[in-house]
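Remarks on the structure that follows.
Chains here go by letter, A, B, C, D, E and F, matching the order in which they are written, and residues are numbered from 1 within each.
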Amino acid sequence: MDKLLELWQASGIYNMQFGQLTMIIVGLLLLFLAIRKNFEPLLLVPIGFGGIMANIPEAGLAFSAVENAVHFAQPEVMQAMAKALGLVSTDPHEVLHAYHGASAAAHDAAVNVAQDSGYNNGMLYNFYTVAIASGAAPLLIFMGVGAMTDFGPLLANPKTLFLGAAAQFGIFATVLGAVTLSMLGIMDFSIQDAAAIGIIGGADGPTAIYVASMLAPQLLGAIAVAAYSYMALVPMIQPPIMRALTTEAERKISMVQLRHISKNEKIMFPILLLILVALLLPDAAPLLGMFCFGNLMRECGVVDRLSDTAQNALINIVTIFLGLSVGSKLSADKFLDVQTLGILILGVVAFGIGTACGVMMAKFMNRMEGGNAINPLIGSAGVSAVPMAARVSNKLGLEANPQNFLLMHAMGPNVAGVIGSAVAAGVMIKFVG
Amino acid sequence: MQNLLSEGLTLMVFGMGFVFVFLTLLVFTTRGMSALVTKYAPDAAPAAAPKPAAKPAVAPAGNNDELIAVMTAAVHKFRS
Amino acid sequence: MDKLLELWQASGIYNMQFGQLTMIIVGLLLLFLAIRKNFEPLLLVPIGFGGIMANIPEAGLAFSAVENAVHFAQPEVMQAMAKALGLVSTDPHEVLHAYHGASAAAHDAAVNVAQDSGYNNGMLYNFYTVAIASGAAPLLIFMGVGAMTDFGPLLANPKTLFLGAAAQFGIFATVLGAVTLSMLGIMDFSIQDAAAIGIIGGADGPTAIYVASMLAPQLLGAIAVAAYSYMALVPMIQPPIMRALTTEAERKISMVQLRHISKNEKIMFPILLLILVALLLPDAAPLLGMFCFGNLMRECGVVDRLSDTAQNALINIVTIFLGLSVGSKLSADKFLDVQTLGILILGVVAFGIGTACGVMMAKFMNRMEGGNAINPLIGSAGVSAVPMAARVSNKLGLEANPQNFLLMHAMGPNVAGVIGSAVAAGVMIKFVG
Amino acid sequence: MQNLLSEGLTLMVFGMGFVFVFLTLLVFTTRGMSALVTKYAPDAAPAAAPKPAAKPAVAPAGNNDELIAVMTAAVHKFRS
Amino acid sequence: MDKLLELWQASGIYNMQFGQLTMIIVGLLLLFLAIRKNFEPLLLVPIGFGGIMANIPEAGLAFSAVENAVHFAQPEVMQAMAKALGLVSTDPHEVLHAYHGASAAAHDAAVNVAQDSGYNNGMLYNFYTVAIASGAAPLLIFMGVGAMTDFGPLLANPKTLFLGAAAQFGIFATVLGAVTLSMLGIMDFSIQDAAAIGIIGGADGPTAIYVASMLAPQLLGAIAVAAYSYMALVPMIQPPIMRALTTEAERKISMVQLRHISKNEKIMFPILLLILVALLLPDAAPLLGMFCFGNLMRECGVVDRLSDTAQNALINIVTIFLGLSVGSKLSADKFLDVQTLGILILGVVAFGIGTACGVMMAKFMNRMEGGNAINPLIGSAGVSAVPMAARVSNKLGLEANPQNFLLMHAMGPNVAGVIGSAVAAGVMIKFVG
Amino acid sequence: MQNLLSEGLTLMVFGMGFVFVFLTLLVFTTRGMSALVTKYAPDAAPAAAPKPAAKPAVAPAGNNDELIAVMTAAVHKFRS
């Protein structure tokens, strides 16, 4: 009978907290959006599922060994833990707090106590450590994205890089928005938090995760969910802004056929980009370095089997672990917070501003050059969100003029946006990292 | 607090400035590179030579897809 | 001449112990069974090969750095090691014993001494640590199995879940058998050992390895070998039991065509199962969570490239490392023990009891419902051993009635058995883990 | 020692009991789910819509196999 | 304005050292050789790119956390670091030196200080630790190579193993050359360095990397670059030597058609080889064990999906990480040294001697047997460099006699050379490791 | 220093010697193995049996390539 009670008291129903229940529902909602509404399913299916698993009561899948030990809070374990952390109190909350702020040596000592008491890291915690805390997973995804990227349209029309630059204004405007909210006492974001939130406006998943894991790991879950959700919402967020800022005539502008790009130019471009990064912004080197490496593997033509693996088996494996790891950060105490609301609002503002700046920049460039070379609809593609944003440009172009295929032209600013937000990420890591 | 705002402003000014400087430089160096490559190293011969020498230990996905596409087309024709 | 002697004294022939030689022969036997007799070759080829490599004299491939240091037992190293472990004696056996029972901190200190003295972990030891001790490999295999599993037949006839439940009686009967052997003084199994041995009756490789790595790592080699061997022997173990417990008339029973299952039902099932696990048995969450995740990736239709990778590249890579790691546990001192004999005998008993209970349950359900809805031959498939056990049911059905195709009907209890043994594993980890 | 046996018995009773309770619950919830899905969310439209929208960046193995099967059949016909 | 200065002072241009610039150019040169000249591109593209990334100023991608902390050398960090390492001086150079020679415990303490001060391992340093320092990557590559190797030609004519043995003389002659250079005071190689350099003559990339990582990690970059470059240069290095040592008549020798090898012989061969290794040279067990494992997976016919993964997804993934990791060792202070020049010269000498010995051995075997059974051109294939060296033999054979196809005959010594250099590696690890 | 040279010489003598001893043994055991296998376990039946029993869960690359080769040939024929 004791055993029956024990089973019951260890069950999920008995231990379910309101926050956990809510987060499980959030996880189910993410799965619904991913599966039924096609919101970036490759990421949101693993993230949603990981979020549900992370919130299973008593399973502790997203907890470290020490966190699991503190959760069960056996007196003798708390005593040993307090001693390892140099605390007098054995109150679980204080122990946990001390653990999170501990020096590396005290951290090790606490881990030793937890292991001696038979507690282990949860599965998702291990995945997070290996995939995200090490920085490896976002970088490998970026390598795979590089191996999938064709810089041809950008090389055919390099000035579209300016569109990719302009659209990054969304990032920095959002940073300013976040610090303003803090100033007004509405939210409580540090400058690191603000920078990590801003990067949502970069519309680039791995960059957002990489920056958030370095600057604001506690906001990682919300930031990743916002970034991928808004990328999926690009076809809804962008068109009204694009229509509002352009005239019918502008939307009808046809662009000249792109010139053919030689193999050698495509090989040289990632090398050139890497050298520029090396000379100007070493802090962007991991992100852009891996991106260029993937692209060079694609274009050089002599390592097709590596390029193929980077685009398929490797990126798929990493995506599974990355998604589950992000999901492990969807804990109630961090996600069910007014900050998440702030992040969601700031995120959509960032997307909007980025879109608007891209379009305005295109119009400005036309005026500067005194011509009509650029259809301003391709400016919005500068936020990245490859290839969704370019498709949106194309769709609006076709609406205005059924012969006006903008897809290839929009791919230029689209990939420029990837470079632009990686550069922005480097600057932020440099200044507030 | 004032401090936080000024940090945010600085980040915006320098961040945005740097992004523009960097991408502007990229525009110019890319144009230069394209010009140089087109002049001194056009594709033609050099690109053709190394390709066959590379040992395609595994049929790369791309080729495979192409092949399959070609064959599907052929099969469709064949059926009709 | 010294060097010649040195080479000779470091050679395998000079150092070969009887146990190592025997284990190498055991490894060769496993390879023979796998390659010639098709005993689950995907696992037994790596396990057999790993077993041979683990027993190469002096190579220490399956040893940790400390174990390698103790093997060579240089006096000054033993002295430092004893000091690190807080021992007075420098006797290698005592040092080794102290190391295996050391606290995490003393363990670290011993590792430091070994590294300072130039000893390293063997290759297979590293594989074991990463793949099995972390729990990752069995869970990833389970994810892949989930991605390969079609729950259609189960959804078409949910009451076949009862057959999968009944067949798990083999697990618990074996636990009882193991503790009885201990009680009678024939063997010396702890309750943890008994639980880990019982899970062989679950006829599910990754579940057995996962449970054994948590409850009785020293028995892991024997348990894994027994589990996979008996799964391969299902076509020999089950038929006599099935024939003995059924009449010719029962074996002739035709079952009604299964109804079509909609895509949406298949998508909802893994989510439903996950929620039940979350509510009732958090200890089964890692195993069943990853299983459901794999299945959801398969069925949701929007992440085909992830599902494809989980079923191919990823599961293959993990299988290679899992197999070699299990092989690293085939050391003479642990495998050449009367316990292994006990495990082998108990394992086959577990299979037999599970098979019998599945068949009896089917007959019981027919009687309850007062009909002939279920051919009792599909009950035996409840042990899992997917898809071998279902094929056995089909074969015996065809023998009795050449028009009687039971394969699809037997797939229901077959996959139910996988769920059933994962639940049983969760209960055991909860109670004795 | 007696203790060990009683532990074993307890494990058997509770383990087996729990397995049955769990799978029985699964039977009923599954039936309920199937009924609900069949009534409120039959496949038809919703399942068809998302499929084409998903970007098949890489031709998934399944399709590939199918294609190959189709082509093999075609080739066999062609040969005969 | 401060920020502007800060950005400038953190930029690559401002911090570029001459050595880094030179190494970036070396990296570009490697990319050129790989992409334009087809020098083993699968390895040299990642190595070259990794070399460039490793030399990006201030990025510290190839540095450990401690090295990064020492690079920035903040006084309070240096003080804490010196204390952790038991130093009085806080001079960065001395701290770094103490760190590299520290005991495992002091090493841990230094890492803790660096982490507490906010420094992290660079990305490439992490890749190196996981891929090469653990020994895993070269072994997995060897497994994949085993899965790609067909021992049929060797089994058809086992005496070609002698050619593979003779060609290893290049390895040991180079060792002697390296110690002679040290004796003469021209270079400063230890016996470990000499052994690691000699293995270049084995013409086998993963073997060279494995041995160098164990015996002379500081020379790893130069050794790997030399090994792969010379393997690519085999078609230029070997022919003159082969022509000089053979007469026209010898080159015209036709060899008898190889007999058909049964499946069972191919299955038994890797097992036989493994047993010989186990009995005679346990130190070669990791390398040859994984090689045999890969080959057994290939030949046994029952684990095709594992063999397929070992030959494709897994070896490609490992190659990417291995290449980048080797690149991380291309630092100016280690590569831009007169030692590298010595390594390059000794490497080409090793190739030449190996080639010559293989050819001479073939002639010697003909004389012994009093016949003309062996065309001496296949002797040069004994250096391995699979399959390049065998192709060279074939090409020269066709020049002399347009009907004389030697490719299959040369594959025998070619794969024998792989075994031979792995055995040589085992002997060296045994004696000087 | 003399020491270093003698170490190098020893390494050469023993290393080269060992390589030859090892590969010589391999030559003889391989011949023995081949003779035994050819006599007692020729391929014929045993090798044929296990193959089909192995479940080719995934079409192995080899087969795939073959198929594609066959089909390409067929397609070429078809076109001409």
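Here is the rule we use: a contact is a pair of C-beta atoms (placed from the backbone, for glycine too) under 8 Å apart; a residue touches a chain by one contact, two chains touch by 3 or more.
Predicted model, so just to flag it, every value in this text is computed and none were measured.
Each step here moves to a touching chain, and the least such steps from chain A to chain C number 1. Ranking all chains by how far their C-alpha centres lie from the centre of chain A, first place goes to F.
Note: the chain lying farthest from chain B is C, by mean C-alpha position.
One finds 31 Å separating the Cα centroids of chain C and chain F.
Each chain gets a centre from the mean of its Cα atoms; for chain A and chain E, those two points are 38 Å apart. One inter-chain figure worth recording: chain B and chain F are separated by 40 Å, centre to centre, where each centre is the mean of the chain's CA atoms.
Counting partner chains per residue, chain E has residues 3, 7, 35, 38, 41, 280-281, 301-302, 305, 308, 311-313, 427, 431 touching two or more of them. In chain D, the residues that reach two or more other chains under the touch definition are 10, 14, 18, 46, 50, 54, 57-58, 61, 68, 71, 75, 78. In the complex of the two chains, the chain F residues touching chain C come out as 10, 14, 18, 46, 50, 53-54, 57-58.
Those residues of chain B that touch chain A in the shared complex are 1-2, 4-5, 7-12, 14-16, 18-27, 29-31, 33-34, 37-38, 41-43, 46-47, 50-51, 54, 56-58, 60-62.
Note for the complex: chain A touches chain C at residues 3, 6-7, 10-13, 15-16, 24, 28, 31, 34-35, 38, 41-42, 45-46, 49, 52-53, 55-59, 61, 109, 111-113, 115-116, 123, 126, 312-313, 316-317, 319-320, 324.
Partner chain B is touched in their complex by these residues of chain E: 3-4, 7, 35-38, 41, 148, 311-312. The part of chain C that touches chain D in the complex is made up of residues 155, 158-159, 161-162, 164-165, 168-169, 171-173, 175-176, 178-180, 182-183, 190-191, 194-195, 262-265, 268-269, 272-273, 276, 280-281, 301-302, 304-305, 307-308, 311-312, 416, 419-420, 423-424, 427-428, 431-432.
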